[in-house]
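Got a structure for you, written out below as structure tokens; questions coming shortly.
Naming follows writing order (A, B, C, D, E and F), and every chain is counted from residue 1.
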């Protein structure tokens, strides 16, 4: 299910950039910059992005950061603790998003077709 | 449409619990505890859960609490007033969720297959 | 501390109504209507307002509904369960608001000057 | 894709109004009133509704206001700047909604079947 | 009360910029860019910023945009309609913020010391 | 300013626990558990708590996690990157909170009286 998400995401990003003013373009550019290696590792930054996405309850954002976490070899135990902190902070209203997140995470292991 | 939701919910909960740390497991356990009979009745607690879910705009949470309300014989008038308070507090941004909620609620009366 | 809040609230409401268009005036009018006795009791409606205010994390709104709850003889046990459901739904981000809420609630018992 | 949305929206609104108490009905009525011509033009008001819907991240609300904006001849440059302000205010958590918004906006130009 | 806010704001912004990484600096820079004259006027953009700030319930952001609106000669009627749309969209949870906003707006007329 | 916050926090927590039902007590207990060393370090978990608190815009929560970060020797560069990610995700609506956060963080270095 990740590949469908990534394809749709890319197509829609093209629609955004065809119509974006310079403000929108700069936000896209900062978004890439923020997750680069720095004083914090890429792994820590992606976990920050994941937990922030969970407490704000954005499924697409969670899916994106889960994929990035998978690419940099975050473990299931680490994902679980990061989602756990998000659930403590933001409560059971996050549960439907955690359900989708864990289901997607398990699919990464089983589906050999998506990009790592 | 409720049964599809409940089936998917259960499958995804299993994915959560296969991967959950103890923090996530405890949140699941508190979630059950909170809606038990106490100084407030189950009915009042489910209405609190429903209105909280509406103002936070979580369709899955609304569907869950609507079903629980139906099981304990909350009336349509009571549902309408509880949703009405949520709409007053949280504004027209809740309207798409109220639309789905009322449509689901009506389906309970017509669909004899779902569990009460 | 409630009386200061109520006085400031009234003064500021006058500023709103001096400048309000008819949309704002109608929202004020619906706000009163929503908490009237109906299929649900005033007490249940005030608890719905309280829990909604907690999960949306609005201290002034919480203070208002706590006062209304006090006027209609809601007990401390009932307040605690309603706040507890809000905390489960919306997580520890609500804790600073629960701290203020419980402190205010205790002050009602000790302060004989505020209006019941 | 707009027509499907508008049809479903209308059917579900009927479910709401079949079950609504007077509070819900009044909110529906204020919702129409708020976007009428006044000191601000309909165009400015619809842009306010659009940006408010983006920062609160409600896809249905965004779709609705985009359609209204299209009807009153808002340009793509104006939509882009209004969405850009929403993105600056509310951050990259809005990006999935901007993706859908821009894709829908482009579809208006290509699809001759929807109501203007 | 505006001048106190502006002074504190400036002092605290200096603390941010002393410690900011390049991501934070770029966000500050986009924030200025977004409200410049473009396809939309400065006035419309400030009203968008005001309404977005109201529905997200940020008093400091509301105060800032109210001041900017005052500088570009937005009228009280226009402020009232923009706040009215925010209240309809986001409900009575915004009322405490509207109370402060209208009180601040009235103070602009009476206080000759703040910068226009 | 931290010490005032910590004192008030402790007094108010006592008011909560005097009146709490078991649901509230369990949430307090999970809150401690979630930030213990595990697959993720205490430092990473506190940064997750900090960024989650920023995107949800809770000043008290930010102050708490800043203090915890200071105790486990998080550097200013790391704080800045974690806040930067929160600002990218959640936008300029977080700026007033970042202003307070950076001002508080600087005060830790200057004030020798607070507990590390």
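What we mean here is this: a residue touches a chain if its C-beta (ideal position, glycine included) is under 8 Å from a C-beta of that chain, and two chains touch if they have at least 3 such contacts.
Quantities reported herein were computed from a predicted structural model and do not represent experimental measurements.
> Can you name the chains that touch chain A as well as chain F?
A chain counts here if it touches both chain A and chain F, which gives B, C, D, E.
> Quick check for the class: compute each chain's Cα centroid; which one is farthest from the centroid of chain C?
A
> How many degrees of rotation map chain C onto its copy chain F on CA atoms, rounded to the nearest 5?
Result for this pair is 120 degrees.
> Across the interfaces B-E and E-F, which one involves more C-beta pairs in contact?
Higher contact count goes to E-F.
> Suppose each chain is reduced to the average of its Cα coordinates; what separation in Å results between chain A and chain E?
The mean C-alpha positions of chain A and chain E differ by 31 Å.
> State, to the nearest whole Å, the distance from the C-alpha centre of chain D to the C-alpha centre of chain E.
Their C-alpha centroids are separated by 23 Å.
> Can you list the residues of chain A that touch 2 or more other chains?
Residues 21, 23, 27, 30-31, 34, 38-39, 52-53, 55-56, 61, 77, 80-81, 84-85, 87-90, 92-93 of chain A each touch two or more of the other chains.
> With chains as vertices joined when they touch, what's the shape: line, ring, star, complete or other?
Drawn as a graph, the chains make a fully connected set, so complete.
> Could you pull out which chain D residues touch chain C in their complex?
The contact residues of chain D facing chain C are 21-23, 26-27, 30, 33-34, 38-39.
> Considering only the defined contacts, which chain A positions touch chain D in the complex?
The touching residues are 9, 11-13, 15-16, 18-21, 23-24, 27-28, 31, 52-53, 56, 58, 60-61.
> Could you list, by residue number, the parts of chain B that touch chain E in their complex?
The touching residues are 55, 87-94.
> So in the complex, which bits of chain B are touching chain C?
Spelled out, the residues of chain B in touch with chain C are 30-31, 34-35, 38-40, 44-45, 47-49, 51-53, 55-56, 61, 75, 77-78, 80-82, 84-86, 88-90.
> Which part of chain F faces chain E closely enough to touch in the complex?
For chain F paired with chain E, touching residues are 57, 76-77, 79-81, 83-85, 87-88, 92-93, 95-96, 98-100, 102-103, 105-106.
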